[in-house]
Amino acid sequence: MIEKIVIANRGEIALRILRACRDLGIATVALHSEIDSEAKYVKLADESVCIGPAPAALSYLNIPAVIAAAEVTNASAIHPGYGFLAENAAFAEQVVQSGFVFIGPTPASIRTMGNKIEAIRTMEKAGLRCVPGSGGPLGDDLDEIRLQAEQIGYPILIKAAAGGGGKGLRLVQDESELENALALSQGESSLGFGDSTLYMEKFLNNPRHIEIQVLCDNFGNAVYLGDRDCSIQRRRQKLIEEAPAFGIPDHQRRELGERCVEACTEIGYLGAGTFEFLYDGQQFFFIEMNTRVQVEHTVTEYVTGIDIVKEQIRIAASQPLTITQDEVSITGHSIECRINAEHPSTLMPSPGVIHHYHPPGGPGVRIDSHIYTDYEITTHYDSLIAKVITYGSDRDEALARMQGALAELVIEGVDTTTALHQKILAKKKFRRGVVDINFLERSLGH
Amino acid sequence: MDLRKVRKLIEIFNASNLSELEIHEGEDSIRLNRTLTVVADQTTVQSAAHLPSDVSQTLKDIDIDDDPADDDGTFAVLSPMVGTFFAAAAPTDDPFVKVGDEVSPGQPLCLIEAMKIFNQIEAERSGTVLKVLKQNGDPVEYGEPLVILSE
Amino acid sequence: MIEKIVIANRGEIALRILRACRDLGIATVALHSEIDSEAKYVKLADESVCIGPAPAALSYLNIPAVIAAAEVTNASAIHPGYGFLAENAAFAEQVVQSGFVFIGPTPASIRTMGNKIEAIRTMEKAGLRCVPGSGGPLGDDLDEIRLQAEQIGYPILIKAAAGGGGKGLRLVQDESELENALALSQGESSLGFGDSTLYMEKFLNNPRHIEIQVLCDNFGNAVYLGDRDCSIQRRRQKLIEEAPAFGIPDHQRRELGERCVEACTEIGYLGAGTFEFLYDGQQFFFIEMNTRVQVEHTVTEYVTGIDIVKEQIRIAASQPLTITQDEVSITGHSIECRINAEHPSTLMPSPGVIHHYHPPGGPGVRIDSHIYTDYEITTHYDSLIAKVITYGSDRDEALARMQGALAELVIEGVDTTTALHQKILAKKKFRRGVVDINFLERSLGH
Amino acid sequence: MDLRKVRKLIEIFNASNLSELEIHEGEDSIRLNRTLTVVADQTTVQSAAHLPSDVSQTLKDIDIDDDPADDDGTFAVLSPMVGTFFAAAAPTDDPFVKVGDEVSPGQPLCLIEAMKIFNQIEAERSGTVLKVLKQNGDPVEYGEPLVILSE
């Protein structure tokens, strides 16, 4: 069994991992940068190691420092959380080579899913429908690309294989825009990722973002824990997530889940993972797989009663899954609002000292947050400061509790997105569940 | 307006020996004033909550030494990385330095092993070794003091 | 439907009722004494009315003030919470006579259950087993009482019919102690309650305290929401409560629940209520019924997913129960620790200003508390300041999360019982579930 | 303007030994000032709350008005209960009192109805009615001012 885990992350997810370890009776080592040394979650850990100065490149992204910290503390495993090194195949490889357990999938899985073209090919082979597209890297022959685009049908999206965060992404309405778009995307991609490989996909009009959570162990067992809707996004950043995805017929959810489980078995996937899809109201189109725990795992935990982070650790410790697919049942509804330290309308980051923090409580309210009164939010890391998660026997109850919880939440000293969430929650279309990935920008008039 | 902050500020102000404090922050500002009524000659003015009772001069005469420089002529060599401390290149070797040694810039002081790689930590300036804070095999964090030198 | 509810209580239960109303879209009127006027939950209410000075007798127990407040705010119903006027039949009567809905059972039910002898007689008639005893008030004839005591079998307990809080209660080991004990109890009872009526019961050796939660509507529907164990008590005050009661065979729980439901139907009970039993490892003995929401309703909410306070309100609004017995399912395990502002070993009340409050969070943690940083705890009211409630898929997980939550809880400025709870949670016998109502005092060496 | 905050601020100010406090927040500002009376020659001026015991001048010489009596010669009649305000015994009657009336102790000023019972509120001391703050049918809380009298 794993006896001591190094938490190679910070903020709310570091605290989340710490809580799971504590429940399992596993000792924790909190890694932290100089600026995070006074954080409460660092003090809650059994041990802590300062791994570098505030800039993430010198601390949380510093692979030798992370592995050395595991060595000097005699830890047995490393949990990467999300972001930072979580989807870095080279890191996973070095963790394993240094004799530690990497809490996540194999380096090969991470590498495959990190390359979007590879991921799509793998999943197509495993039987998942993908967005119609070039099915591989675009060549140099413009005429051939033109022909492919015509076959797919305009409008199309040009994407970077190494992409992420919208870089290299470009919408092409018709053939006249194609050549110029290709050149621009290529430039951005080679500048941003050092890799100019592009591919094409059909552009879907206002689809929903639906995802399937899976867990796979070392013994060939795999289960899916239902789905989530994460359509409320701004600038490709999820703001509100829900489980289950409302309005999806049960048989469709089951079918999709089963296909994901099959794909996992096919590719020998290990640990927790998420299959992301676009849903046009009829069909699901695979877009990518996240090979780590996600920010929004909480809503799935609420409706299934399964502790996903604990399961990750158990799987990494080579224990078989404790649940079979039959035992996974979805009860009620859960919603998560990501509270960021940002101005609610401009979304400009708002660093500063929180001089009063008071989280909401009561039935059906869960708070995952690393902040506290007098905590200082710096500009070094991302702006997620609290996840407010509510549960209800149905979506209406979960929504009502979320509105109540946001009304009770007190975070003074910095701007937060709370008011934006309240605005979204008050929208009739949102309450009726008529959402898609462009809902927020459209309804805010952008 | 955060009353707690105001209260805290007054506390700090009281504990100080200032007569006025003015802070501007963006559009906000706060001004605290403690007018010591000026009295005629040959008098003692006191204003603070915690003034020693034998103070016999006016405020401006009081020497404020808020942050006494910790300048005792020593400095610490900090670890530039996480790892394991080694005082010598091999178990049977003599340590790179011992207390009382004179060191010059670039001279190796110890090793920090991280990921099976031994990183040599060198003196940045010259001095005398006052103290070696770690022993062979000790884990060290980023920024932890390893060796104290005196100039 | 009810449009506006007067919350005739304070502290955490006032906030709990407010949250339920808010979720249901019902306006709230927070009643408060002068000293509670700045409390956060008062500010959260749609309206608030100051009903008197700090002493409860002049404010929270002031019936004309409460009813007048409902009148001036045009409210439609009054929720009494627990304590104060919650089990005062005269109050319920006046509420109804003044044209308001009383959120609770009928005045007649409250009156019957308020008199312990009456309650026992009623429940015996309704088919519940009670602790063997005098079956009615003791007469004046000492010889007859001696005979009765002999028939019941020593040791016996002498109790006051109007009793509560241990007043008038006396353990008699054998006949030689009987006469003196009767005299003492009679004196205490007449002094304490203005009623010297006594009765006798067999004394059970280290039983567990088990209770059944029920909900009954106006249409003859009644359900039980499983059981709770509340054996961890000190000076008759519950400190830790759990649902379900571990180690009780399912068929016994079902049988007991069904009998409670039958009794409810028999007596025409309305609203939420709790049947309290002593359990000697074999049989359940009815001791009393609480005709209100209880502090520990939270653990039942966690394992059933049913919002008991909302159900109370719906029932009072003459709506039929939304759930049938078949739909009530118990999933997982829940534990509540009552955090009191008391010294953890002497249990002396600890008034003062809370200068830092930081509640725990994460999966399976619910906090019900009205306190906040800078909140002042006065000596006027009871010392319950926070309920920490955890949930797990089994008792072990719920226990682990409780230990984690208590380790994270920060309440600075006053003494709290947190350390006492941590001590209990660490005890092996408690973890194995080997508890009874004397467990705590025994294990603390009292 | 939040009067509670202002009151709180004055409390904090009073408890301090400041003579002036000025806060600007956005477009809002507040300034509190407490003039310390100038003392005669050859004396020591002290203003703090926690003076050392060997101070050669006693506090009473300093004219700090810590709790300025709201002594403008008026006083408020507060409601002793929650209920509904009535200025007269019946809708068609004249009100018990109107502005300018002289009242003597025990004279009825208004009624507060609670639970269908009309409770007569009487003057506790004599004075002139300066203001009647409530109108027929107004809800009143415990402790709310009903009528202002001047002595």
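The first chain written gets the first letter, and so on, giving A, B, C and D; residue counts start at 1 in each chain.
In this text, contacts are C-beta pairs under 8 Å (C-beta built on N, C-alpha and C of every residue); 3 or more make two chains touch, one makes a residue touch a chain.
Please read all numbers here as calculations on a predicted model, not as lab measurements.
Novice: Steps needed, at minimum, to get from chain A to chain D via touching chains?
Specialist: 2
Novice: Using C-alpha centroids, which chain lies at the maximum separation from chain B?
Specialist: C
Novice: Using Cα averages as centroids, what's the distance between chain C and chain D in whole Å?
Specialist: Roughly 42 Å separates the two chain centres.
Novice: If you average the CA atoms of chain B and of chain C, how far apart do the two points sit, in angstrom?
Specialist: Whole-Å distance between the two chain centres: 56.
Novice: How many Å are there between the centre of chain B and the centre of chain D, using C-alpha atoms for each centre?
Specialist: 51
Novice: Starting from the mean Cα coordinates of chain A and chain B, work out the distance between those two points in Å.
Specialist: Spacing between the chain centres: roughly 41 Å.
Novice: Show the residues in chain A shared as contacts by 2 or more other chains, in ascending order.
Specialist: Only 356 qualify.
Novice: Quick check on chain D: which residues sit in contact with 2+ other chains?
Specialist: Residues of chain D touching two or more partner chains: there are none.
Novice: Report the topology of the inter-chain touch graph, choosing from line, ring, star, complete and other.
Specialist: Contact pattern: a closed ring, each chain touching exactly two others.
Novice: Provide the full list of chain pairs in touch.
Specialist: Those chain pairs satisfying the definition are A-B, A-C, B-D, C-D.
Novice: Which stretch or stretches of chain A touch chain B in the complex?
Specialist: The touching residues are 34, 49-53, 59, 64-65, 67-69, 71-73, 94, 98, 355-356, 412.
Novice: So in the complex, which bits of chain D are touching chain C?
Specialist: Touch list, chain D to chain C: 4, 81-84, 113-117, 139-144.
Novice: Which residues, counting only chain B, touch chain D once they are in their complex?
Specialist: 1, 3, 6-7, 10, 13-14, 27-37, 39-51, 53
Novice: In their complex, what parts of chain C are in touch with chain A?
Specialist: Chain C residues touching chain A: 15-16, 19, 22-25, 40, 44, 298, 301, 305-307, 331-332, 356-359, 361-369, 372-373, 393, 397, 400-401, 403-404, 407-408, 410.
Novice: For a test of understanding, state which residues of chain D touch chain B in their complex under the given definition.
Specialist: 5, 8-9, 12-13, 16-28, 36-50, 52, 54-55
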